[in-house]
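Pasting a structure below so you can have a look.
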Amino acid sequence: MRREFSGTCSYVRNCWYVAGWDYEVPQDTLFQRTIIEESILLYRTSSGKVVALDNKCCHRHAPLSAGRKEDDCVRCMYHGLKYDQEGRCIEIPGQTHIPANVRVRSYPVVERKRWIWIWMGNPDEADPTLIPDTFSLQDPAWRMQPGYLRYDANHLLIADNLLDFSHLSYVHEGSLGGTSAIAAARANLERLPRGVRLTRRISNSVAAPYHVRLGMPEGVPVDRWWIYDYTVPGILLLDSGVQPTAGPVAAGLRFHSCQAVTPENGRSTHYFFTQAHGFALHDAQVTRMLFQSVVAAFEEDRRMIEAQQQLIDTTPGSEMVGLPMDNALAVYRQIYQRMLGAEAQAVSAN
Amino acid sequence: MRREFSGTCSYVRNCWYVAGWDYEVPQDTLFQRTIIEESILLYRTSSGKVVALDNKCCHRHAPLSAGRKEDDCVRCMYHGLKYDQEGRCIEIPGQTHIPANVRVRSYPVVERKRWIWIWMGNPDEADPTLIPDTFSLQDPAWRMQPGYLRYDANHLLIADNLLDFSHLSYVHEGSLGGTSAIAAARANLERLPRGVRLTRRISNSVAAPYHVRLGMPEGVPVDRWWIYDYTVPGILLLDSGVQPTAGPVAAGLRFHSCQAVTPENGRSTHYFFTQAHGFALHDAQVTRMLFQSVVAAFEEDRRMIEAQQQLIDTTPGSEMVGLPMDNALAVYRQIYQRMLGAEAQAVSAN
Amino acid sequence: MRREFSGTCSYVRNCWYVAGWDYEVPQDTLFQRTIIEESILLYRTSSGKVVALDNKCCHRHAPLSAGRKEDDCVRCMYHGLKYDQEGRCIEIPGQTHIPANVRVRSYPVVERKRWIWIWMGNPDEADPTLIPDTFSLQDPAWRMQPGYLRYDANHLLIADNLLDFSHLSYVHEGSLGGTSAIAAARANLERLPRGVRLTRRISNSVAAPYHVRLGMPEGVPVDRWWIYDYTVPGILLLDSGVQPTAGPVAAGLRFHSCQAVTPENGRSTHYFFTQAHGFALHDAQVTRMLFQSVVAAFEEDRRMIEAQQQLIDTTPGSEMVGLPMDNALAVYRQIYQRMLGAEAQAVSAN
């Protein structure tokens, strides 16, 4: 048995979601992705600008993504309605007058540094300056390989995971982690306007296996750090690294990671990620090895989180017991709930 | 996520449904098919007459279709109850008295011109003269090959499709359709007692690819017509054809198509169909080619309609926008709803 | 369509359930099984004692079965919490104080004669003398091979099946059954404190195919008997056999069967079983052949019961018609409902 679950949730809408990697929306094709339970059509105009429309033809709800791109427009291939990049219907076969309500919603979109961002809420509030600076995705001083995973789990279970790195010692014992020292070191927490900043440093520890593969001498005591912001709706920007406790800073390895958690629905989540390196810039093998290391580690997370989701879904409800290590995730969940509440209030006030 | 859907619907019951092709119920086997959420057992008596019984043994609800045919009766192979062709239990192992309530429902059945028709409503109203004349299924002047598809979609979405041939220009652009002229030509609509009659003619158009394969000269202007009835619960009888605009009638090609849409449940539908030809009667290759052409086209419909159903099920509810091209399907849906309402009233009056 | 079903049911809790075969929980591994909708972790301490804990880490509901056995304890491999065999948390990484509510439920467990029994109700009432005597599972006078099947069906449909052997004549016509004489012979019913005892004897009948394979002369009239208890939550102990009607008792074959029906949830059930023989003790081929015979027969049951469950789930509700042959299953269902009611009352009285 699976207990039935509708998958329907509430989501913060007034924020920028990562809709995809730039390469997922090539010129001249139609791309579909479901974001917070809405089916979105993405395509590029002849000038390369990304367009995001409600994928549901307003006529009979056929998917526009099964349609045809015609210049900068899209034609529904069920009954032939043609929409422009604003979502306005500009052609109805056999009919000259086009009523104003024959249109689909269009969404604000910004393409910036390899990611396509979409604003799911009130378009008037779509302020591009709210987009976090994912500099390492496109910068000559960094190298990375784009990653994507799909989770069969609620986005907040993934946020929980990313907001408590004490799991590194256990889930990633044989990959990213290495010692229980990470779990033992409590992170410092700062509140941000739309999320949290976490700083965790451990000293006199041991290098992780992939550090050794990258040239850190084995057995030499190292310092490690993780400093990151996690902001609504699920954007993580992480500065991390390792250096010999006794050695010069130059002997260390510095990483930058961009991660984005975009709910598909209440039980399925898109996960975009990178692990960029600020050293060995001309060694493609380092880029590849780092990418493979994080993919392997994120698969460890995924197995654990999907098992957690499944157990929650199939066994009787019981309360989770809060622990000090949950501090950051509890604060983030409060922030998320507060924003949800504010949006619900704004809607009912209109 | 799939949004949960019970699949439970209301259906018009007092009408003849197509339960299957004659060959699907051979002598001496038990055949099961679910129709409007009821599991039906179909078999033939020694005289060849088709029997339709509730497939659920009234005792412990085991399927009779997993049982055994014994002469003109069926024995449940769970505990051995034996039913006659009226659904009366005539044997209970270990027991001599058989109470009158030990029986399963039997349904009126008519086998006519290759199709087996079943009446799902009040048996007293099962009037065989209500069965539409599917003459081309069995007539020396016509040739056809039997077709069947199963849709993962609600039967009314299929009715919508069959009631608006403007989709021919788009869904079937490369197969049955050919030009946007079909969508541009509005159909004439007549109301029938239990459905609608649609007449659509286009002149000075081009032949469809399969017409050319059947011998129509390419590039010569043609007239095309589609005249059909669509009646509850989903029976389509279509007279269609093509002829040179300037040529004699004899140079044309005439087709007749019988199609039946039988709901399995609210999200699954049986679809029986043919495309008969009234020419080249002794050329089996024409029959085969025509069959393959409509199968390919109906698969195009199926992909579109199943995608439409899935999009409706997984994204938030929104209203469809009505257009003039929906005239026939809107009228049909009204007729269907009116019949549903009348049946509900008749039930509550009893 | 499948009608949606939550799978959630009420179960009698104050009773011993069979959680598994002894060999399913080897030393040094973690074993998970869902019983009445609760996910249970089973493992052995260094002394070999079986421990049963709630599989859900109380912290973030990760499965302990995805964790690590450490001595007699288990560590959750999400955030590192460590539990002892009583379910008490004895280590939280990065934290010295362990609050008393950081614990998981532990269940009373008894391992006896190859089966692991678990008490799902109030631990204070877990009286091991309530465990039925499954002597033939481990006795020099008997031989058997352990069996397990999983049913996609509610446990009470399986109980129904086991409480009415008249189905032997039909479901097992070609395997265990043989004649309609079994269905014709009504069983004698006695009520037990927690179930029923059934006695059925037929005389002057014919041997089943597998009896003949075991050496009973073909065509010679035989007597057969089945005497069994079926007690909550679904434990069947069956003494059965066959002997020549005219011959000495010694010429007969005596069997003993232990069967346990353990609900996983409302639509899925574990089924543990044996068919032990009290003759040919040193002939492993007899053990194997008997095992294969009952597996084949139980697969016949499974096909029927799963088809019954599916038909019930996908077609409109209707009442089952009671027959005299249902006597034992009706009495058992009454007993089960009475116990359910008593437990509900005891819970609300607290």
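Points to keep in mind about this one:
Lettered A, B and C in written order, each chain numbered from 1.
In this section, a residue touches a chain if its C-beta (ideal position, glycine included) is under 8 Å from a C-beta of that chain, and two chains touch if they have at least 3 such contacts.
Computed from a predicted model, the values in this text were never measured in an experiment.
In the CA-based superposition of chain A onto chain B, the rotation angle is 120 degrees, rounded to steps of 5.
Comparing the contact residues of chain B and chain C by number shows a mostly separate set, under half of all numbers used being common to the two copies.
Averaging Cα coordinates per chain places chain B and chain C 46 Å apart.
Those residues of chain C in touch with two or more other chains are numbered 4.
Listing the residues of chain A that touch chain C in their complex gives 1-4, 160, 164, 166-167, 169-171, 173, 180, 183-186, 303-304, 307-308, 311-312, 314-316, 318, 320-321, 323-326. Considering their complex, residues 4-8, 34, 37-39, 55-56, 58-63, 66, 75-80, 92-95, 99, 101-102, 264-268 of chain C touch chain A.
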